[in-house]
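In the two complexes that follow, chain A is the common piece, with chain B as its partner first and chain C second.
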Partner chain A sequence: MNSQLTGQYIPGTSIMHRMDARAKFSGFLLLIAAVILTGTIKGYLLTISFILIIAALSKLPPEIATGSVRRMLPFFFVVFLLNVLFFESETPLWQWGIVTISIDGIAQGANILLRIVLILILSNVLTLTTPPMALMAAIESLMSPLRFIGVPVGDVSMILSVAVQFIPTLLRETDDIRTAQTARGAQFESGKLLDRAKALPPLLTPIFLSAFKRADELAVAMEARGYRGGKHRTKKASQPMPVSGWLALLLCAALCALQIFLF
Partner chain B sequence: MSFEIKSLSYVYQRGTPLETPALENVSFSIGDGEFVGIMGHTGCGKSTLLHLMAGLLPAPAGTVLIDGEDINRKGYDRSVLRRKLGVLFQFPESQLFESTVEKDVAFGLKHSGLSTKDIEQRVQWAIETVGLDYSRVKGQSPLGLSGGEKRRAAIAGVLAVQPRHLILDEPTVGLDPMGREALLELLVKLNRDGMTILMVSHDADSLGEAARRLLVLHQGHLAADGPIGQVFADMDAMADWGLGVSQSREAAGLLARKGLEVPQDITSYRQLLPAVLTALKGGGSP
Partner chain C sequence: MEKMSAVKRAILCAACIALCYALPMAFHAFGAGSVFLPMHIPVFICGLTCGWPYGLLCGIAGPAISSALTNMPPVAMLPTMVVELAVYGVVSGILMQIVRTKRLYVDLYISLVVAILAGRVLAGMARALIFAAGSYSMAAWVSGYLVTSWPGTLIQLLFIPSLVYALMQARLIPQRYPKTKTGDRKV
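Presenting the complex of A and B:
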């Protein structure tokens, strides 16, 4: 039993909650591009402020918007360290065998770290302010041009939306099984890598079993109710994107452009 | 004292719009060897309470003492807790994962420091205690067992560590009447041999048969705590909390209305039958 499951939608009325999901998702992609394009200190200042403003507009409690970031701190540390220690530089500060410490390496480490953190925060804001089904509908509507090159968009989106609906159930179940096995003496928190690896089967086996069972039951239920594949699906008529959505997209695109041309 | 719970409160997702208070200022204690039932409407916080009592959720407000020790104290050895406190969750069959029943039941003994031979003996004892045929099931995959047998195998896994205290969350849900009978008999026997048992259940009949004391949770508060006969005696209060009483208790009430002098703190059939006979024979005063 976690007190907060990762990446689960939190209802609200903030600007980010109310924004059109298609705009949010496309904006998300544009901002990821902007983060990757950012390379200078001035550029970072702009990108970071932009993303912090978005996070603030979402009115999410900061510790939740940055939840996954804090949980992955050990991973970040390793990534940073690898970059600092093994970046090959012309001007090393200190060298010993293959270990090279340099300003370039430290900058590279910081650069990568900052990008991961920013992208994590963005994806947190996206999934925490958008109901899963709205997100799926947005992705389907953005993918719909692919229909013309033969992609079965309907089926793909059905698969995605079923998967998305399963995520909270699976997370809840993982949590329940982890708790139950902990009560039986499993040690998931033990620091040693080997112990942690050993603790995986008691967790993964029941989860896979239950996921397969659910998938099976769902398939039977869908067939029994007459699901015959994407071509026959009816879809809600899509609405045009509101002006606010276009405006948000324009801002995100502007950030991208600035990163490319100015910095 | 097995358990001492002091002003325990719990809020899920504190600080978010989804904030859910689950428990508010709950205090009680349970002595060694007691058999205590917990009833309460769905969502009233029963499972949360069990998780807190088993140290599976940190307690941010209030304390949980087990055998006099604060289980949330820094430096408290959780592996000791795992060995003296058995926990059986709802639908425990979903925890089975090993390739054979024998290995699965032995899972909790991995870090016990027992010899292979002792572990084998414990496993055999546990499997036989829950009423499964040891020689038949030990090499079988737990997934090949029937529903009722899976539940038994899961219980055997909890019993194998021979915990002093046992916590159960809705253990009778999904069992057929015979499976339910057998489970209750097992719990009563374990309790008679000294195990403290705390059992959450909606099933008033099961609790009426097995438990001697009943706690009622209502919207996160402890609404009642006393001998189960006394708590069941007030059927109106039980109805207010959205709960029913055991059939035997209900029968005692109906018989009293027909003028038969049957005590109203009856909870089980075992108590009802002699009481009715006495009332019929004595024609009134006992």
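Presenting the complex of A and C:
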């Protein structure tokens, strides 16, 4: 199960690794907007080049940077096929019943696929080059205006940070419990739906008990050390965004603007 | 119900968010991810045990983190799923606060069933009005939220109340109706 873990941070010293997490996360959102706004071949050439440069700057092995894309190939194939076969067009190339093959359908399928692949590559580069804690700190920093409408940003950020730190531990424990129950005769991977459903309580109950026990111990430890959260929480003074971060954001915003006004 | 401290609620919520990532990974490993709806279970547990604000956060952050790290659910499906799970977390939390029949399982089932219905109806409405406006039909809603997901719904109805009871018995969350002096407690 752990071999399927994607998006796990890979330490490195590339430009993308060293870039400020706030700039990376904001740039990621701007680039998603740019991908969605892209609608012409020229626009796609520009966006694809930009994203490929970012992927190259991250110095991640291509098979890792595109890992989730390759795993979802069957899903992509189905999405493409549905668009090719069922897209309603006024100029069909071939028609039989509800099945309509047209240039418009092929273009629509390619358009959707390209968008999904580009967004997947972007999200891979973001999570593979940014430590989870830095990502959470960036999200907290970007959410800070929500304080004014009463959202407890500090608490939310703490919960998200703890959740991210819990993930590897819970994955390992889930895997251990699954292996242990399989050794006791539970059938998760074969049998009818009902047999597999019957095998779930011996898996779910220990997983939840174990997760809640860990959470309980952590809560007791935090309270014993005087943690009260909310407005009582303090943190190290945050660093201002470096010039390189602002430059990266400017480039992403420029790409967005080009997609809106030029293409 | 005895009170849980805010810190403990927050950490339990964090554990549930992490389970929103870990459980689907385990279920997908044996090919039952999309049938048994594993991501829904921690959100319900969070809403029922920690309260609606934490259920809301779990319903939003759980699928978002899972999508960011594994692309499950895919980005295109994420907004609808966030709406559905957020409603589960909020409604189950609010009802667990309001409904007090002196019987734990009755409270749990009322909260759970109403939350399941509210989540599915509102997610369908969100798709029909916002995320897939004009191209979403009643038939698609019935097929997606009722027909294909029935094994997951059954699992939720059968296991979640027992899971909450097990957590109370293990003293990991406070008893909703603590034993009286005579030792009787309605379950």
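Here, the second predicted complex is superposed on the first by the 200 of 263 C-alpha atoms of A that agree within 3 Å, B and C clash if a C-alpha of one lies under 4 Å from a C-alpha of the other, contacts with A are read in each partner's own complex, and residues count from 1 in each chain.
Simple rule for what comes next: a residue touches a chain if its C-beta (ideal position, glycine included) is under 8 Å from a C-beta of that chain, and two chains touch if they have at least 3 such contacts.
Here the structure is a predicted model, which is why all the values come from computation and not from measurement.
By the touch criterion stated above, A:Ser89 is placed in contact with neither chain B nor chain C. Within the superposed three-chain model, A:Leu193 lies in touch with chain C and out of touch with chain B [touch as defined at top].
Of the two partner chains placed by the overlay, neither chain B nor chain C lies in contact with A:Ser14. Contact with both chain B and chain C is seen for A:Thr205 once the two complexes are overlaid on the shared chain. In the superposition on chain A, A:Asp176 contacts chain B only, with no contact to chain C.
In the superposed model, A:Gln108 makes contact with neither chain B nor chain C.
Contacts of A:Ile64 after superposition on the shared chain: chain B is touched, whereas chain C is not.
Within the superposed three-chain arrangement, the count of touched residues of chain A is higher for C, of the candidates chain B and chain C.
Legend: residue contacts after superposition of the two complexes on their common chain; A:Val162 is shown touching chain C, with no touch to chain B. Common to the chain B and chain C interfaces on chain A are residues 1, 4, 201, 205, 209. Residues 1, 4-8, 68, 72, 75, 116, 119-120, 123, 126-127, 155-156, 158-160, 162-164, 166-167, 170-171, 174-175, 178, 188-189, 193, 196-197, 200-201, 203-205, 207-209, 211-216, 218-220, 222-223, 227-230 of chain A are the ones touching chain C in the complex.
Interface residues of chain A, counted against chain B in their complex, comprise 1, 3-4, 10-12, 61, 63-64, 173, 176-177, 179-187, 201-202, 205-206, 209-210. On chain B, the positions that touch chain A within their shared complex are 12-18, 48, 51, 54, 56-57, 79, 82-83, 85-87, 89, 92, 94-97, 107-108, 110-111, 143, 157-158, 161. The touching residues of chain C, when paired with chain A in their complex, are 5-8, 10-19, 21-23, 25-26, 28-32, 35-36, 41, 45, 54, 57, 61, 65, 68-71, 74-76, 151, 154-155, 159, 162-163, 166-167, 170, 172-173.
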